[in-house]
Amino acid sequence: MKNRISLVIADDHEIFRDGLALMLAKQESVELVGQAGDGHELIRLVDESKPDMVLTDIKMPRLDGIAAARVLLGRYPGLKIIALSMFEEEDLIVEMLEAGARGYLLKNADKQEIMEAILTVDEGNIFYCKHTTARLASLIVRSRFDAGKKAQGHLFNDREKEIIRLICKQHTAQEIGDLLFLSKRTVEGYRTRILEKMDAKNTAGVVIFALKHSIIKEEEIL
Amino acid sequence: MRSLSAFSEFLISQSILLPFLVGLVRFRRLGWMYQPFLILLVLGALNEPASYLFIRNIHSNAIPNNLYALAEWILIAWQFHRWGFMRAQRKLFVGLVGCVSLVWVTEDLVLGQIATFPPYFQIFYCFITVLLSVNKINFMITYDDRRLYSNPIFLICIGFIIFFIYRIVYEWAYQTSVRGSTDTALFVIMLFGYVNALTNITFAIALLCIPRRPRFSLLT
Amino acid sequence: MVTSVLNITLYVSLIIAIIIIYFFVSIIRYHRRYMRLQREKIFAEITIRENERKRIAGDLHDSLGPLLSAVKLNIGSVDTLAPADREVLEKTGRYLDEIIGSLRRISHDLVPGILERRGLLEAIREFIAQVGARGSVNIQLYVVKEIQVPKEKEIHIFRMIQEIIHNTIKHAHAGNLQIGFSEEGGHILCLTKDDGCGFDKEKALSRSSGLGLRSLESRCEILGGILQLDSAPGAGTNYFIKIPVR
C-alpha cells in the first residue's frame, strides 16, 4: 500500500484552515503534519517535519506564499507545492507557478477536487483548478511557467483538434455532438482520450495545453 | 463752521437716532458681535447735542468732532476685529490701531490742531475703514453661502463704504472750499447730510435684520 | 491756490483709485482661495470613498470569504449515502459557489488588487477581461507608447476608465470600444472611442446620470488634468483625457 502523503497547510484565515484540516483528517491517503498561519511559520514547520507536500495560501501576512515557496524550493527542490487562492488573484497564481508551485486551487473547491489536486501533484503532474478563467489560462501560457510535460501538439488529428477547440470554448458534450453530428457518447469518448493524451485532469488543463501548443488562439476563447 | 440752521437739515442730521433707537429696542438680541457698533451709534447720537452745545457757546464744534473721529476709528477697527479681522494676530492688530491713532495724536495734540479740522487723520481713517469693509464684503461673497442681502454685517459694511468714501470726497470738498470754493465743492458739502441719513437708514435696516440668537450656536 | 486744490484733488483721486484696485485684488484672492478649498474638499471626499472601498473589500476577503469556503468544506465533509441528501448537499455547494463568485466580483469592483501589484495597464487589462466576459462590447486596449504613472494617480485614472467603460456598456449600446494610451511631453494621454449611439452632453449633465460624468470631471480636475468629451446622438462617443505626470 502506498504511503500516506504527509502534508503541511498554511493559511492566515483560521476558520478556513480549521475546516481544511478537518476535511483532510478524514482522508485516508493523506496525513496532516502541520498547520501554519504565515510564511515564516510554514518554513519552520517544513524544516521540522519535512512533508511531501505543502498546501499554502498565497496572501499571508509577514511572509507571503510566493516568497515562502521560493525559500522552500531552494532548500527542498523535490517539495510539491499547491497554491490556494481565495478571490482568484490571477497574477499572483501565475507568480506562484513561476516560483515553482505544481498546481493551484480556489478555496471554494470541494473535497473531491482538493483530493484530486493532491493526488495529481503527488504523481508529478500539474494541476489546474477547474474554475480557471480563460484569462488566467492565457496568463499562464504566456508566463515563464514550464508545464513540464513535453507532449507533442501533433499528437492529435484534425477531428480531435476540432473537439479540443470546442471544449475550450466551454461547449458541453451534447452541444459538441450537435455541432459535429456525433453522438454524445462518442464525444465523451473523445474527451477522455484527449484528457489522457494531454495528461490533463479537467477542462482547464485542456485549455492551457491547447493554448501552449497553438491548437487554439487566445482571441478565440477570451 | 458746519452750522445746522435749517430745520430739515437738523432733522436729517438727527437721522443717527434711527439706528440708535433700533439698537436700543433690539439691545438684548444684538449681543457680543455688534457691541462696538452699538457703542458707535450711542456716541454718534451723543455727538449731535454735544456739537450743538459747542457751536452755541464756542462757535466751533471742532473738538467734539475730532474726539468723535478718534473714537469712531477705534470702535470701527474693534468691530472689524470682532467680526474676524486679524483675529489670530491680536498684537499686530493693536499695533495697527495704535499707528493710525498716532496720526491723530500727532495731528491734533502734538501739532495742536485739535480746535481745527485737520484733514489727514480724517482721510486716513476713512480710507482704512473702506478697505476693511471691502475686505469683509469680498470675504463674505466668496465664503458665506447664507443670504447676503439680509446679512447685517454685509449691510453695515455697505453703509460704511458709501459713507466713508463720501466722507473722503467731502473732506476734499471742504479743503477745496476753504481755498476758494467751487460749485462742486459746495454741492458735495450740501449733499453730505443726505448721504449721512441714507447710511443711517441702512444701519437701521441692518440692525433689524439681526436674527434671533440661537440657543446653541457655533456662529457667534 | 489752484495748485493746492489740484494737489488735494489728486490725492483724493489716488485714494479712491487705490480703493477700487484693492476691491478687485481682494475679490480675486478670495475667489482663488475658495476654489482651492473646493478642490481639496472634492479630493477629501474621493479619498474617503476609496478608503471605504478598501475597508469593505478587506472585510469581504477576510471575514466572509474564509467563512464561505469553510462552509463549503464542511458540507463536503458530511458523508451521507442517501441520494436525496446528497443532492441537497450538492445544490448547496453550487449555491455557495455562486455566492463566492459574486463576492469575488464585488471585491474586484471595489478594489482592484492588481493595480498595486502590477500597475495601471495590467489592472485595466484585467478589468477589460472581466467585463468583456460578461458584457456585449468588444473592448480593445492599445498602448501607443509606454506610460509611467505615479502611484497615487493610478487609482484615479483607473476609476475614470472604469466609469467610461461602465457608461459605454450601460448606455451606448456599442459594439466596439477602443482605448488608447500614450505619453507626450510629461502628460499621459488617453483616448477612448466607441461606435455606440452617442448622447447629448448637456442633457446628460442635467439628469441624475450626469453624476457619473461629473465625477469623471472631478477626478480629472484633482489630478490637474483636462477632460474633453465628444459625443452626439448617433455619432458615438469619444473621451479625451490629458493628465500631467511630472
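A, B and C are the chain letters, set down in written order, and residue numbers restart from 1 in every chain.
We take it that contacts are C-beta pairs under 8 Å (C-beta built on N, C-alpha and C of every residue); 3 or more make two chains touch, one makes a residue touch a chain.
On a predicted model such as this, the values are computed, not experimentally measured, just so you know.
When chain pairs are compared by contacting C-beta pairs, A-C ranks highest. Every chain gets a centre from its CA atoms, and the centre nearest the mean of all protein CA atoms is that of C. Centroid distances built from C-alpha atoms place B farthest away from subunit A. Separating the CA-averaged centres of subunit A and subunit C is a span of 35 Å.
Here the spacing of subunit B and subunit C, counted between their Cα centres, is 54 Å. Between subunit A and subunit B the centroid-to-centroid distance comes to 87 Å (mean Cα coordinates, whole Å). Residues 123, 127, 130-131, 134-135, 138-139, 141-143, 165, 168-169, 171-172, 175-176, 179-180 of subunit B are the ones touching subunit C in the complex. Listing the residues of subunit C that touch subunit A in their complex gives 61-62, 65-74, 76-77, 93, 96-97, 100, 103-104, 107-108, 113-114, 117-118, 122, 126, 129-130, 132-133. By the touch criterion stated above, subunit A contacts subunit C in their complex at residues 11, 13-16, 18-20, 22-23, 26, 86-92, 107-112, 133-135, 222. Those residues of subunit C that touch subunit B in the shared complex are 1, 4-5, 8-9, 11-12, 15-16, 18-19, 22-23, 26-27, 30-31, 33-34.
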